[in-house]
Amino acid sequence: MKKLINNPENVVREELEGIAAAHSDRVKVSLDPYYVMRADAPVAGKVAVVSGGGSGHEPMHGGFVGMGMLSAACPGEVFTSPTPDQILAATKAVSGGSGVLHIVKNYTGDILNFEMAADLAKEEGIEVEAVITNDDVAVQDSLYTAGRRGVGVTVLAEKICGAAAEAGRSLAEVADLCRRVNQQGRTMGVALTSCTVPAAGKPTFDLGEDEMEIGIGIHGEPGRERRKMGPADEIVELMAAAVTDDLPFRSGDSVLAFVNGMGGTPLLELYIVYRALDRFLKGKGIAIERNLIGSYITSLEMAGCSITLLRLDREMTQYWDAPVNTPGLRWGV
Amino acid sequence: MKKLINNPENVVREELEGIAAAHSDRVKVSLDPYYVMRADAPVAGKVAVVSGGGSGHEPMHGGFVGMGMLSAACPGEVFTSPTPDQILAATKAVSGGSGVLHIVKNYTGDILNFEMAADLAKEEGIEVEAVITNDDVAVQDSLYTAGRRGVGVTVLAEKICGAAAEAGRSLAEVADLCRRVNQQGRTMGVALTSCTVPAAGKPTFDLGEDEMEIGIGIHGEPGRERRKMGPADEIVELMAAAVTDDLPFRSGDSVLAFVNGMGGTPLLELYIVYRALDRFLKGKGIAIERNLIGSYITSLEMAGCSITLLRLDREMTQYWDAPVNTPGLRWGV
Amino acid sequence: MSVTFEQARAFVSKFQEAIAADKEYLTELDSAIGDGDHGINMDRGMRAVLPKVEALPNGTVADLFRTVAMTLISTVGGASGPLYGTLFLQLGTNLKAKESVEPQDWSEALTTAVAAVMSRGRAEPRDKTMVDALLPASQALASGLAAGDEFDMALQAAEEAAHQGALDTIPMVAHRGRASYLGDRSAGHQDPGATSSWMLMRAAREAFATGSN
Amino acid sequence: MSVTFEQARAFVSKFQEAIAADKEYLTELDSAIGDGDHGINMDRGMRAVLPKVEALPNGTVADLFRTVAMTLISTVGGASGPLYGTLFLQLGTNLKAKESVEPQDWSEALTTAVAAVMSRGRAEPRDKTMVDALLPASQALASGLAAGDEFDMALQAAEEAAHQGALDTIPMVAHRGRASYLGDRSAGHQDPGATSSWMLMRAAREAFATGSN
């Protein structure tokens, strides 16, 4: 394992210290317990939006804290959900009296810890709504399983709901919008290499030199199947078809297309992926209205990418375009 | 070699097609010869700023084309400088009648090709000034060698000079500013893993599991020496000391600190690096006035990072803060 | 014959030792069907628990388990943090009114605690989770005591049931937790949480059996 | 005895073949002290050159070399593109006025072309560049002809001088080009550009020597 770290046990703390040193103009960092919050929180009269999850997915979530996006983010250890006390402390710190939305990715750990925190926050008189994202089409959905994982849509939901909260919408409205974003979004990922959790010290899985893992999770969890590597256009077609078939997306739909790098894939390749996706969607009569291309929800140094499509409506587009000022995503200001 | 590409020979063309599909709101892409230009170029009465170099360093340079930064970028094949006809065509396309600044990284290939293009452009009546960036302290400077490589400072020079051009400054002024940025900036890089040039198909160099290359170039060129891996704090101290000793940077200086990922290093680690750099500079009485943290001048999927320090003056700071709207860097708009 | 405060403390520290010793093994199990952190998570939690439990003045077993619970909840994260946290919280709640903790008290507390874990995690038997080790263990303990077995023997039976339960997870297809994302591919691997739960039951046997401590 | 248009065309296509055959070898040399693309660059350029040269109607050697130059300049990039481009451009310029290209014309053209490469690249002998193969080759050609040697023999001497020149770069410390960034670490490796220049001189010998073509 080769990493620019000091001690595997301290990576999250030291990362947070780095964020604090770098972005004190926009965020405040709490080290006990860990969370990152907007420097100007609590914003009175506005809904606060809180998310969190294991570390190792940077810039998600800590990099999305700021005006127009998250009010606070709670980082757990690498790939491990945060604990209830973190989430409770962050929720209390950013609560502006108009309720707090928890955006939670559908992982047992995240759900259980956010649930415990929400119970405690409610006991303290804070109105909390939780919305679960579960957009990963790689996983079969079923009542009898933990269901689908929350992946790329989470980033889009955080942006769109953050803007709605900034615009003064109510907790019920922001939560409804979040559920709609989740319902209208689908994601599929592929890995070319494994990542290495610092504390584990060795790769989470092994892939042959000519293999890829289709349907990879953002923690290096295995996906649908292993396949021989192929040309980018074929891989994209496989991923994009899985995404469009699922909702399904139809001719005439307007979408936000999000091509996301897993951490170790150069931007050069992401544009080659975007090119193939653009062609694929054109062939289906689906119009890309907005796009986002880059490494936004990552798995440490894993090579690979994910494709997220979100069927846009006017409200989503309006909030997507609204100003945002976070270390990881910025426009309009 | 595992990459999300179709054919090693087509990576640059397909990347450009992806950029064209993604960012037609901001840039226009020429495929014959290859260049990316501002959608609104030529901007009459303003200096145009053109850069370029081998591909594989994305988002540099194509991702920095847009309002407030580059007027055009000329991508060569991966790690290979562009050819004079590309540079000439781009120069002519963006020339608004007030002269064109070429920002050229100090590599023999880049220099020779930009020189040939400048000669041809001048023959066609376009005023061209070229400024060479050579900020890499890893390389000993000498009259008897090709001198130092141009690396991280190039990104900062493109931003600052692009803003000065946008503000209507003259070619001589923008070129002077560019030279000043180059003189006041220094960079040092380190690699933990090699990159693989698609057409070569295998890693450019081999590093042992516990080795790093100190002073790596952005094309995988060897640096000062190989060393055993160490903790991030030590690596940063080594790099930062090489940078500060060189100019030298002194107590009381105000700097822009740029922590750059080489492509395969997660943001998590870059913040750990920034934390160490912040502490190191505080210890020397050097104030970080501005910062930039992320993968902006990359070497495909290489793991590692570089540290660039730029001694700021009022004019540089003002142009750094000015609005910029490119796919790779955006604020204020 | 009753479980003393010192035995409860020994139970916790033996569990900590077992986790520390098998941290990499648990992590490896989790790499196969999860995200490769179960050993790391539990080790981080139990290392945080240890000094807190050692610093406790002699008190009630219930207080000790509540301390374990709160520490696990605030240091482990992941799925196992709230689940083991819930287990110890319920053990504490159940034993709260007890002057002394008799074998039957321990057995009843464990049964209720396992039920709490199942309800928090919405897991049923054969979902390939820690429940597949915990539930047979608590049942073996209860039926052993009901049949008049010595506490030692019942503890031994509980440990064996937990061990067997962990092994039984191998062919199962996971329906809960991260492993469920694998669908059929989760079969053929032993569940990490069931494995750490077996270690928990082993630690209980070691700490509570006669002659120990 | 003079160099015909067809021989010039053969020279170019033999150079292309040599580069294609040793593309990986040249790239490997460049990986050691450069950025691992010299073979790729030259191969891309010469593959672009080939159809253009094959499509040329029978014309002057000068035109043919100018076509090679323009194609290399616009397809190779890197350091070698402008440098080999300059070489062929100067060969073309020098042979422009010639009705027929005699050995002496070729030798003089090569000498001027190598000087142009040196001035474009600001390289001196022993800087560990293509100049270290090209310059001895042009000198051997010139002095061979001056001593009255047959063209074949002079071409052979030029090739050998280029080969020796390429080998001589091994112990040198690079002062120009990418390899110079390595400082002393550039010693112990053969320069890729000098190696491709030797192939160029070999192609000239193969194409221009009597009986060939």
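Order of writing sets the labels: A, B, C and D. Residues in every chain begin at 1.
Basically, contacts are C-beta pairs under 8 Å (C-beta built on N, C-alpha and C of every residue); 3 or more make two chains touch, one makes a residue touch a chain.
Everything quoted here is computed from the prediction, not taken from an experiment.
> Show me the overlap between the contact partners of chain B and those of chain D.
A chain counts here if it touches both chain B and chain D, and no chain qualifies.
> Compare the CA centroid of chain A with every other chain's and tell me the farthest one.
Most remote chain from chain A, centroid-wise, comes out as D.
> Please work out the Cα centroid separation of chain C and chain D, and write it as a whole number of Å.
Computed from C-alpha means, the inter-chain centre distance equals 76 Å.
> If you average the CA atoms of chain A and of chain D, how many Å lie between those two points?
Each chain's C-alpha centroid was found; their separation is 55 Å.
> Based only on mean CA positions, could you tell me how far chain A sits from chain B in angstrom?
29
> What parts of chain C, by residue number, touch at least two of the other chains?
none
> If you look at chain A, which of its residues touch at least two other chains?
78
> Identify every two-chain combination in which the chains touch.
Pairs of chains that touch one another: A-B, A-C, B-D.
> Which bits of chain B are touching chain A when the two form their complex?
2-7, 11, 14-19, 21-22, 55-56, 58-59, 63, 78, 192-193, 209-210, 212, 229, 231-233, 235, 263-275, 278, 288, 291, 293, 295, 298, 300-301, 303-305, 327, 330-333
> Which residues of chain C touch chain A in the complex?
On the chain C side, the touching residues are 27, 31, 33-37, 40-41, 44, 73-83, 120-121, 174-178, 180-183, 185.
> Which bits of chain A are touching chain C when the two form their complex?
9, 33, 54, 76-85, 107-109, 112-113, 115-116, 138-140, 144-146, 149, 197, 199-200, 204-205, 217, 219-223
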